Each structure stands twice: as C-alpha cells, then as structure tokens.
Amino acid sequence: MSQTHTTFRAAEARRRWIGGAVAILVTGVVFVLPFLFALLQASKTQADASTLSFSWPTEWQLWSNLVAVIQVRDYQLLLAFFNSTVITVASVTGLVVFASMVGYILQRRQSRWNGLINFLVLAGLMIPPAVVPTIWLLQQLELFKTLHGMVLIEIAYNLSFSILLYRAFVATIPRELDEAARMDGAKPWQTFFRVIFPLLKPVTVTNIVVQSIAIFNDFVNPLYYLPGKDNVTVQLTLYNFQSQFETQYNLLFSNVLLVTIPPLIVFVFFNRQIVAGMTAGAVKG
Amino acid sequence: MSDAALDRQEPAARRRTARRRVPYPYTFYIPAGVIYAVMFLVPTIASFYFALTRWTLFDSHFIGFGNFVQFFREPFLVQGLVNTLIFGISTSALKVVLGLALAVLLTSRIPARGYLRAVIFFPVLVSFIGVGIIFVSLMHPTRGAINVTLETIGIDGPGWLTTPWLALYSVIIVDVWKGVGIATVIFIAGIASIPSDYYEAARIDGATKAQQFWRITLPLSRPATVTVITLSLIGGLRTFDLIWTMTGGGPGFSSDVVASIIYKQYQSGFYGLSTAGNVVLFLLIALVMVPLTTWMNRREIDI
Amino acid sequence: MADVTIRNLSKHYGAVEVMSDIDLDIRSGEFVVFVGPSGCGKSTLLRMISGLEEESGGSIEIDGRDVTGVEPSERGVAMVFQSYALYPHLTVAENIGFSLSLARVPKDEMRRKIEEAANILQLGPLLERKPKHLSGGQRQRVAIGRAIVRDPKVFLFDEPLSNLDAALRTQMRLELGELHQRLNTTMIYVTHDQVEAMTMADRIVVLNGGRIEQVGTPTELYRAPRSPFVAGFIGSPKMNLFEGPVAEAEGAEVLGLRPEHIVVDATGPWSGDVRLIEHLGAEAIAHVDTPEAGRVIIRLDGEAEVRTGDHVRLTPRPDRMHRFRAGQRLA
Amino acid sequence: MADVTIRNLSKHYGAVEVMSDIDLDIRSGEFVVFVGPSGCGKSTLLRMISGLEEESGGSIEIDGRDVTGVEPSERGVAMVFQSYALYPHLTVAENIGFSLSLARVPKDEMRRKIEEAANILQLGPLLERKPKHLSGGQRQRVAIGRAIVRDPKVFLFDEPLSNLDAALRTQMRLELGELHQRLNTTMIYVTHDQVEAMTMADRIVVLNGGRIEQVGTPTELYRAPRSPFVAGFIGSPKMNLFEGPVAEAEGAEVLGLRPEHIVVDATGPWSGDVRLIEHLGAEAIAHVDTPEAGRVIIRLDGEAEVRTGDHVRLTPRPDRMHRFRAGQRLA
Amino acid sequence: QDPVELTFLVDNGPPSVAQAEALAAAYTELNPHVTFDIELRVGSIDGDNLVKTRLATEEMADIFLYNSGSLFQALAPTRTIVELTDQPFLDVVSDSFEAVVTADGGVYGVPIGPGFAGGIMYNRAIYDELGLEVPLTWDDFMANNAAIDEAGYVPIAQTYGDTWSAQLLVLGDYFNVEADSPGFAERYTNNEAKFATDPAALRSFERLEEAYEAGYFNEDFGAATYDDGIRMIATGEAAHYPILSLAIDPIAEQYPDAVPDIGFFAQPGDDPDKNGLTIWLPNALYVPQASENIDEAVDFLAFVASQAGCQAQIDAGQVSGPYLIEGCQLPEDVPQATRDLVPYFNDSDLNLPALEFLSPVKGPALPQLTVEVGSGIRSAAEAAAIYDEDVKKAAQQLGLPNW
C-alpha cells in the first residue's frame, strides 16, 4: 500500500472523526442537556424540584421517586402501560396495512377520483376531530369506552399522515416490478403484499416509529373516548402529579421519564431497520 | 382529449372492465375508507351543522351564520392569523432545512451515527407537556439555564417567553427542536431509497459532495420533501399544543394563533363558536394547502 | 402452443404515435424474431402482446381468443423484460420461483424446476444471492429463468441475451431453441444480434418507425429484401447501397450488393484503394474507395493477403444484385 | 491520454473472492477491450479503475499517479455504466450535460457539446424527454452521451452497445473509434461482441474467473490463443476443441481447430453426417457428427450447397491446428 | 344489601383528592357494602370540557365534583343533574352555598371542602420586622408596599406563569366594587353595567395597573408560577401575594415551619369602613341523572353534607377555611391564615361571594387581560373595554337574556 493511499484515507478518516465529534458536542448541548434537566428534577424532592432550576439535587431520590410513581393509585402506571401498548400495537398495525394499500393505489392509479381522495387525505390532517358527535357515534356502535373503539379512532385520525408518507414513497419503486409480478400471475393483493410492501420497508419503519410514538403519547383522544379507571393510558397518568394549583415536579418528571422508555425502545429497535438500497439491482435504466 | 374522443373510447373501456382485472383495484381503499368515513368523516360533517348553532353540548339552537360573524369579530383574530402564518411557515421551513441537513449527516459515514439518530429523535418521544415544562423552566428569565449561562458571559438574556414580541419565536424554536426528529427520519427514509447508482454516476461526472447534495439528493428525495412540507405546514398551521403548554397564547394574547383562539373558545364552552372557528381555520389551511400540494404533486409525476 | 393474431394495432403515448397499423399472424409453435432500429417499437409491441401496455387501437388474439383487455396473467404468456425487473428483495431462487409460489406449486416440484432452470442458465452457485450482488449478465439470466420455469403458451423475450458473452450466448441460443422444440410453444423474440435472428427465427419481422417493413424467413429477407431499409438492416456488415450512375446503369434508383458478393479479382470493372481493413479472425472487412461507386465494403477471407493502401480491382456479382426503385424491390 | 498501471489487484465481497492478482499495463492512448464470461469480473475491474469500488488489495496508477483511494471525480475518468444509471429527474439533454454543468461550462458551449453528442448518437428529437420515456437502446445511447461530452484522460465503457441494433452499433463503433483517434485518450472497453472486440481493440484482455488469461492484439489472440479457454472464447462460432485419439495423434491433450479451418472436400480423412445447418446469410454453420472426432462445427460459404442429412468428408488444415497440453499452448 | 361500587370523578388537585378519599373511606366504614372507584380528571378549564362532554353524552360517574356558581349553571343542571331540593340533609348546608348550586329554584349539590377567599396573603414576619399594620385601604396597602420595597423585600409577588393567578387583584376586589357600586352584579348580569364605564369596577383593573407601575412586583413576575409565589411568601422573599386562601395548603405541606408566619387579609378598598372579604364558595358534589345508582349516590351526598362528613375532611387535614355546614367547627390549631378568615366568614356583612357566584356572566379572556395590565402591555381602561366585549360574547354564547 502506497504512501498517498494511507495519507488520503487517514485524512478522510480524521475529517470524519472531527465531524462526528462536533456533531456529538452540538447535539449534546442542544438535545441532551434538556433531558439532563428532566433527570435532575426527577431526582429531587418536591420542594427542591419546585424551583425547576438547573441545579444539583440536595438529596438524590430518583429511585424512590420512580417507585412512588409506579405505586401511585394502585400501580395505575402499569395498567396504563398495558392499555397504551395494546392500543398502540393494534392501531399501528392497522395503520401500516391500510395506509400502505391506499398510498399504493393512489400513487399508481391516475384517475379522476384522485383529486377528491387527495383532498380527503389532506382534510384528515386539516380538520380537527369533532369530539361530541364522535362520542355519540361510538355510543351508537357500542364502541365507546372500549379499547377497540379507541383503536379505530386512532387509525382514523392518523390515516392521513401515513397515507401521505406511503404515497410519496411508492413513487420510488419501479413500476416494472408491478408488471413483472403481474406477468408472473400475481393478483393485485399478491403484487402488493409480496413485492411492493417489502420494498416499502424504510417508510413502514418510519411510519411505525412516528405513529407508535404519537399514539402511545396521545393524551386528548383517550381522555375523551376512553374514560374510566380501568382504561387509563400513560399520558393520563401525568395528571396524577400536575394540577391547576399544585404540581409535584419531581414525580411528574419521573413519570415523564418512565413513559418515554417504551417509545425509546421502539425507536432504537426500528431505527436500525431503515436500510438503504432496497431497490438496488431491480431494473436497468 | 376532446369529449368526442372520450365517447369513442367508452365502449372499449366498458368491455375492458368486464374482463381485465384492474391491476390497481379500488378495493384497496375499502378498509381505510370505511374506518375514515365512519370514525372521522361522519362526525365531522355532523359537527359542521353545529357551527351554525349556539351549542352548549346540552342544547343547540340554530343561529345561522352568527358564529362566523362573531368569530371574525374576535379582537385578536388578525394578530392570531399573522402569528399562525409565521408559526406555520417558519416551523415548516426550519424543519425541512434542518431535517434534511441532519438526514444527510446521519446517512453519511460519521461515527456514532446510531447515537446521533437516537438523540435527535429523543424529543419526539416526549409528550408536549414534558417538553413544555422543561423549556418553560430553561427559558425562565432569571433562573432559567439559558439566561444563567448567558449571564456568565456577560449577556443579559431576555424574557424568552415573557417578552410579547419574542414569545412566539421562542415557541417556534422549541417546536422545531421537538419536531425536527420526525422530519429527519422521513428524510432518512427518503435518502435511503435513492439508488446508489446515481451517486456513482455523479461521482464519475465530477460532482463534489455539495453538488451531489444539490443535484442528486435534493431532487431525488423530493417525495420525502413534499411529505415533510405537507405534514409540517399543516401541522404548523393547526397545532397549538406547544404554544398552549408554554405560553398559553401569552403574555396576554401576543403568541396566540388561530387554533389557540379557537381552543380558548372551546374551553369556555362556546362550542358552536369554536366549531365555526374550526371550519374557518380548515378553509384557511385548505386555501394554502390545496394549491400547494396540487402543484407539488404535479411536478412529482414527472420524475 | 397458440397462435397470435394482431390486427390493425396502434399505440400512442400522449401525442407521440409510436406504432401504427400493425397486422401480423404468428402461427402456433412458430419462432418469430422482431428486429428493427433502436426505438422502433419492438418492446412496445411485445408489451402490448403481453397485456402490460394497453392498445390505443386494434386488437390482439391469442389462441383464437380476443385478449384485448385481458389480464396479462390470463393470457398464458411469459416475458423477459429488457430491463430485467428483478424483485430486489428476493434471492435468485425466489425470483425464479416467484410465479410458481403464486400458483402454489408444491415445494418439491418448485425446487426441482428452479434447479433445472438454474442449471440451464449456469446460476447454480448464485441461487441464494440478491440481485444487487449479481453481475449484469447474471441478472439477465435470472430474468430468463423467471420466464422459463413457467408453462406459458407464448414466450416473449426482449433482448434476453444482450449482456451475455458469445459462448454463453451460443449455448443459451441452443437451449432456447431446444426449449422451443420440446414445448412447441410460440416464441416471440426481440434481438439486435444478426446471428440470433438468422439462426433462431422461423420468421423475422422487420420493424421500422412503428411499422412493419417486411416479414419473412431469414433466407427470404437475406436474399430478397423488399426495401433498401431491410436490405441495409439485415446482414452485417451491411449491404452496400449505391445510388447514382452505378444504380442507373442497372435500371434502379438504388442498387444493393452484399459485401460478400463483390469479389476481388484482377479484371474487375471497379478499382480502388483499400482504406481500412477490419480483421475479424475468420474473415476481414475491407473498405475500398472507388471512383466508380464510392465507398465499397467487401468481405474477405480471414487470411486474404490484402493490406490497407493496396490497390484492388472489384467485380460485383451480377446475379446477386438487389435493385430498388421508389423504396420497392424490382423483380 | 494517460497510461493505467494495475499491480497485484484483488477484490473480494465478504468472503467471495471475485478478482485476484491482476497485473496490467495499459499504455497511454491505447484502446483495450476486456472480454470474458459473464460474471468473470469485468465490471468490477472497471469499477475499481474508476474508483467506485474500493480495492481489497493492490494498487492502480493512472498517468503515473497512484490513485488508490482517490475520489473518482479526481481520476479523470468517464464511464458508461452497464446499468446506465441515468438521472431519472433530468431530461436527456440535462443528463448528457450534467458533468458540464457541474464544471460550470458556459451555457453556449454546453449546448453545443450536447447537440454534438446527440447528433452522433441520433438522440436529437429526444433531448427533452425523461429517461423513463425512452426505449432500452435510447437509454444506452444517453449513457454513452454522458461520457463522451467530457474530456477525460481515460474512458471506461461497460458494454456500451449491447442494446443497439447492428446498423447503429456499426456506426457507433466507428464513432467511438474516431473519438479515440481524435482525442487520443486511453479507452477501456468491456464487450461481449466478438466483432467489437476484434475491430476496436489495440489489445484484448481475456478475463476468466477473476484472473487474466491472456493479453494480446486481436490477431495474436485469434491466431495463437495461449490456452484452450482463450481459444474457445475468442471467435464465433467457437473453435472446435478435440480431446482423445484425434488430439493424441497430434501429440496434444487438446487439439483446436477453427470452423473455417476444416474444409469440405471429397477426400478428407474424416467423414460424417450434417446434423444441423445454421444459415447466417453470408455464411452458414454446419454441425457434423463424425465417428473420428465427434461433433465438428464448420463454417461454410453462405451459398454452399450442403443440406442437413448430407454425408460429407472433412479435411482439417494441418497448418492451422492449435495444440494444447496441461492448459498451455504447445509451440 | 348488595355491594355497590360508586364511581366518583374528582379533579386532580391534591385537596380535592384528599377530600374525596377521606369522605369515601369514612362512608365505606359506615356502609361496608358501598365502595368507591375514584377517577381523577384534569383540573382547571380543561376539565370543564370533560365534565360537560361526559354529562352531555351520559357517561358521567355516579358522583362528580365540580365548581359551583356560574360554571355550574353551564351544565344545564335541570336536565342533567339530580335535584336535591327536598332532601332533608340540605337543612344544615349554609344558604349562601345553596344559592350557588341553585338553578331554576332547585338545589343540585352539596359542598365539599372548606370555603375560601381571594385576598392578600402576607408574611407576618416581615410585617413585624417593619412594624407594619394590616392595611384597611388601598392607599395604606401601597404605603406598606413602599416601606417593604425600601427594606429590600419584594412587596407584591405576582406569578403570571400561571395566568389564572393574575386575576386575583381584580377578582378579590369585588367586595369593594359592590361596596362602591351597590347592585353591580345584577346590573352587570342584565347588560346594564360595564367594567369600562362603572368607575368602581374599573378601579379593580386600575389597582392592578398601579401596583405594576409602582414597580412592586418580583423581577420574574411574567414567568413565575404559583409554586414560586408560594415559595416567595413562605420564605419571606415577598411580603404580599394576592391569591386564594387555599394557598395555605401547599405552604403547610412544603414549608411547615412558615405556617405561623403567614396571614391573610381582605383586599382593601378606598373606604376603611367598608372593608370586607371576597369569598369563594367551595366546590360541590353532584349526582348525574344518568347514574344507575342514584339512591346510593344521594345517600353519600347526605353523608358529605353532614357533620360526620365535615369531620372526616377536617380529620384529613383539610383546614384551609371554614366549612359551610352548620355546626361544623374548625379545630383550634388551624393555620394563622385560616384563622384570619374566620371573622369575615362569620359576619355576613363582612363577606361577599366573588362575582362569578353572583352572575352567570364571566368572560374567558380575563386571565390574559389581567396579565397584560399587570405587565404594562395594556392600560387598565383598554383592558376593561376589551373585557366588556369578551363578556358580551360569552353572554351571547350562553344565550342569556338581554344580550
């Protein structure tokens, strides 16, 4: 191996390391410090935390705060974790399947309905849901206060977002692949589920990550559509510690940190699945 | 195509539908369509009726367009409109720019890529409430970490959330901080779907890193860009969660946006009025978004 | 095993007409080759037969059944795409077996068929790779494999061998020929390779600018091209086409003479200097500038002792002249 | 105008070794053609020269400068990709002009160069189209156009003419040859086409399974192949390679005879039945089964009066025999 | 008797939760077959919607805690809530409370928790140190402030980080409005009196403005929160904190040592002879008509409105103010601030319910407007005028007569 060779690669590597170090530093300040702040508050006593200052706790009680948060109201947080997880998994599954199907047809098939459908998709993002009529409807369908009713609501409210995402990315898959599958005798649903859907993996992962977090963290919808102690979801548990007149910040932040863990796991797990070059080698052109 | 031409094609088309299985059948719309129509569309249309009533949830009383008239008389509506546009456009623009820049960085071969991706996405994981409290504290005029830090280097930091003209921009920054992670993952997915052949061709053609970005990455991640713009602009024009948790529209009304004005009406129990406000806001956003997305999608077909 | 009847077919993309007035009868079991200049519409015609592209007008019958508007998978056709169109997320084996797995062919039989195809195509060691880890020719072979595992009535091949080396190509040619014999299916084949066209075709269809120029057996086309276009297109190096006095002397507007039909001998009527010799091994191609006929291309034996710069005399063989007037062959 | 020196180059993908021990000197201004079976590593070698693929070992020098690890754009190479890699969002004109616009070439000059390339490639009317609206051959031409508008020191062509028809291919061949003469650049060219390899190359490099089998001028390779592999690979139809008694009689393990070096005459030592005749127009290929040598392939004049089923006698030309032992040519 | 579980919806304020839990536990002890499922909801106005939504969709818990006064009126009680008018247990409930849970002549709720007041919480240690007297007029108050300022303490704590707390100087001034402009509430309800035009009412805004202009607020008043206010007053950073008397609860919890130092006085007006307290009536418990356990729920309300119920809450430490149940006595050892309230509560001439208990009309923008006045963004006169518009909108939306 020659001299230029090594020096070039070394310079390149050095540049990359410096870039990485700068990135770590900057993100450290911008993104990590605020969480350090949260962690500090979660470690304090109530009086200590009430000033919300960026200071060292006078007394470390992170663990006992966490325990307190979990134990409060008969281990309500655990139930909330369970409910939120069920809702999230079911809704995200539905969303991914249904939205990708719509996005696929919407991108592939140009028809005079597209204008209307696109508008409806946008409308889903633009119009805030009407709470009271929805409750009446859910009551009629006997879905009010049920987890599956909640799942349907979450799907309906988040469909637009997912459809938009899918529609955009279907465009990156060569149409020749649909054609090849058609020639191979695939029915439309086979073409979709066996050829297109696997190639949409990067968007699907994005969808799963973004939507599961949104649904897991949803506060307003469960508040209205899923009342009842047995139906509590994670964001509602924050209200155990925050009220109009008084907030137990140490416990609130402990709770915030605890309920952030599942989405974090989802992210860390799925983030690795966004891989480049899904369609490499498919066609020449 | 002229009408006559359409007519001539008609019988052939009919014959075809009889036998050819459409490769892209509308039946794929059914599951999503049914859920959307039942759970969203029906209640929404029902609620539009209430925009024309005085509605306490217990009674409704038809009053025609009175609510709309009242809505346009809201004292701080104009300022709210201006704020809405500032908020929507600037958060969306910043998310697009920063999201793309971060995505490019995070798809390149830098060390600690996994860590960086996670860190940037971290704020997305936290609820608005948590983010609100954290930043309200950090931006506290005397005790907040930001001003305390500034003080050590001799700068007298402003009241980030208590100075009327500044509050909105402070919230904008936090909103971008919280939302840029989503834009970034969408862009990462977009960049990941660009075949590497094009970069190879460009490298041979003599494109520098910057040129590769402008001439390949940017145009070919258009689908992602369009999605991010659409989502973040609608989101920016509509949301108020963060404004609500951080300033409540204040100080006074200085950081109110249309959505928070509507929310306050709703909270006050003016259900008909707030529904009318929602209709107005919806039309307003549609006025911006429909032409914009039509334009963006038309150009997309060309790729 | 099905005949294909094309009537009055046309195609336009928006305002661009790429195909018009195509009438063609392909007999059951026939091997038909489409040739024509790049962009003349070969792929488009193939895609219309497959059903992937909708006809703008006209009709197609396969096996006596009007298939206009019939789903591709129900037409009983298999196709090799010019651009391969491999499923990037599936391995070579899965790509080849995809249609079988859709048809729920039992696992054993599927494995057997895939291996058979892989053997023919020399893909054995690559079966577990993904397309992006294959070379260009390997990808092309996978695309062929995907077509041949099926049992179609009609095969459609779009330049299936263009990325293969000569040896493999010869072998594949024989394999496909054998497949054709064994299954007795109708095959429609697009190629730019003269050898493939000449050796494999029962009949060749020459397309030009979206129209059929001539249809005939290879020998017919070679010996009696109907127009200067066909004359120039079939045969490599291409036929010499002379205009002006030389042609007029023979009573034609255009006079065609294949390079092998112009002989070097000491008494020939034309004389000229050899400008360039291309050695192809078994033969050599000489470009000779003559005052009588302009640039003349002749084919020489690979060992002929002619050098660049030599002065040679040439005799056109009168019995091998092709005379054209107004774009048509004179009897 | 630069020479390319390759030393001890090797490449593996993970555990798969696809290239090893490549040593090659390409002189400035030389036209070198790589040939070899599909998957033997031609594209990989080209990509390593271009800098797109990292070497696993060894070094490459261009113009006396070690370019190992140097960015492709700084190596002064232009390349036509086997898979085209056209920018889907740019029109044909923009695709061709892309490198120029990167280099901020003035608009006028750019337009001129694009038009020039479009003329050579017959892409004139397509300049405003996007790649997806082009036929396969048209795409390939755009890919060529992208390379030729630049002024590189080394051209790398990966099967640039595989999707073009014979006429256009002949013409492109001449155009590229002319370009080579005019610019006097070094050209490295991958092809499967025998005619291209024989006519264009100053030297041919025969690759096999990631190694170089032989390097030489076309005539050298044709006349004196160093191994049975090269013997069989160069020339179409391929050389007859006999083993067993026939070869032993000549003191070799493998005896090679090109189809044109076996003559039909009434007194030949071998005799057999013609099994198959392939008519290629100017010539015909006959497959003859003989008891003495097995299947023999011979090349006949296009008008020879030999039919399938005929009984013929054959004479191998003793002065044209190729003798091999242990994979090596005997003097 | 069959076991019954009653659902019980309360807001998540610690006092509410403590009261509800104490009452439920005490009741279950007496009636073991009845158990409670206590459900928490968001407090403040966010919770208002929840309550309305659930009432309107007939999904309300068997018993729920909600405000009395104008907010109660917005629940359409005659159609949604079980009327208690003829229930004997109402005899011991004070009339002033019954008045604020009455709609169309019917009574619908019983009080939970003690009554409280809006006024000035002050640090007695500072007063002692500077030798100050509890002021009876606004001018005295401002003079005290001047002295306090001089001494280096914050005269008035303001906490606009929690906008609701900004209203206190205006809302707590209502006793003085009514004193200077008798019958204001009625005229205001009838669209006859306006804040901008009635000098006495406008004065409330002006007092806030004066306090701001005098520069008596803590430096970070715009960002400070209720918690900060608590801390400032308890630790002696600040001398005055205009706030609800409830604030003694968190002080007792977080700064138990400071409790003896904290006192409470009514917001002073211009006339020392007309000094009185603006009081807040406690929240109420209601039973929705849609409940399936009306009998059991009403029986529970009977317990809440009894001496025993009152005592259960006192035992749970809920002693921030006097109870509105006849005969329910606070123990001796209540905090000083609570003790300061008792004289006002005991003499009906010395107290007056806040405006929101006297009139159904309340504009939603008051918190923001008071923040503006208190921050110098808008003048008192302008803010009052805007508030009048806001009030008009609200009245129209509620469909009140005369608007």
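Quick notes on this structure:
Order of writing sets the labels: A, B, C, D and E. Residues in every chain begin at 1.
Definition applied: contacts are C-beta pairs under 8 Å (C-beta built on N, C-alpha and C of every residue); 3 or more make two chains touch, one makes a residue touch a chain.
Computed from a prediction, not measured in an experiment: that's the story for all the values here.
Of all the chains, the one whose CA centre sits at the greatest distance from that of subunit C is E. Chains A-B form the pair joined by the most contacting C-beta pairs. Rounded to whole angstrom, the centroid-to-centroid distance between subunit A and subunit E, based on C-alpha atoms, equals 41 Å.
Averaged Cα coordinates give subunit C a centre that lies 20 Å from the centre of subunit D.
Distance from the subunit C centre to the subunit E centre is 93 Å, each centre being the mean of its Cα atoms. Within subunit B, residues 21, 57, 136, 140, 143-144, 195, 197, 303 each touch two or more of the remaining chains.
Counting partner chains per residue, subunit A has residues 51, 132, 136, 182, 242, 249, 277-280, 284-285 touching two or more of them. Shown for subunit E are the residues that touch two or more other chains, namely 53, 56.
Taken in their complex, subunit B has these residues touching subunit E: 54, 56-59, 61, 70, 73, 75, 136, 139-144, 159, 161-162, 164, 248-254, 264-270, 272-273. On the subunit D side of its complex with subunit B, the touching residues are 50-52, 71-73, 77-79, 81, 83, 85-89, 98-99, 102-103, 130, 146, 150. Of all residues in subunit D, those touching subunit C in their complex are 13, 35-39, 42-44, 82-83, 133-138, 140-141, 158-159, 162-170, 192-195, 198-199, 218-219, 222, 232-238, 258-260, 278-283, 285, 299, 302. Of all the residues in subunit E, the ones that touch subunit B in their complex are 45-46, 48-49, 52-53, 55-56, 74-76, 79-80, 160-161, 163, 219-220, 222-223, 364-365, 367-369, 371-372, 375, 377-378, 386, 389-390, 393-394, 396-399. Partner subunit E is touched in their complex by these residues of subunit A: 46-47, 50-51, 73, 131-132, 135-136, 139, 144-145, 223-224, 227-229, 239-240, 242-247, 249.
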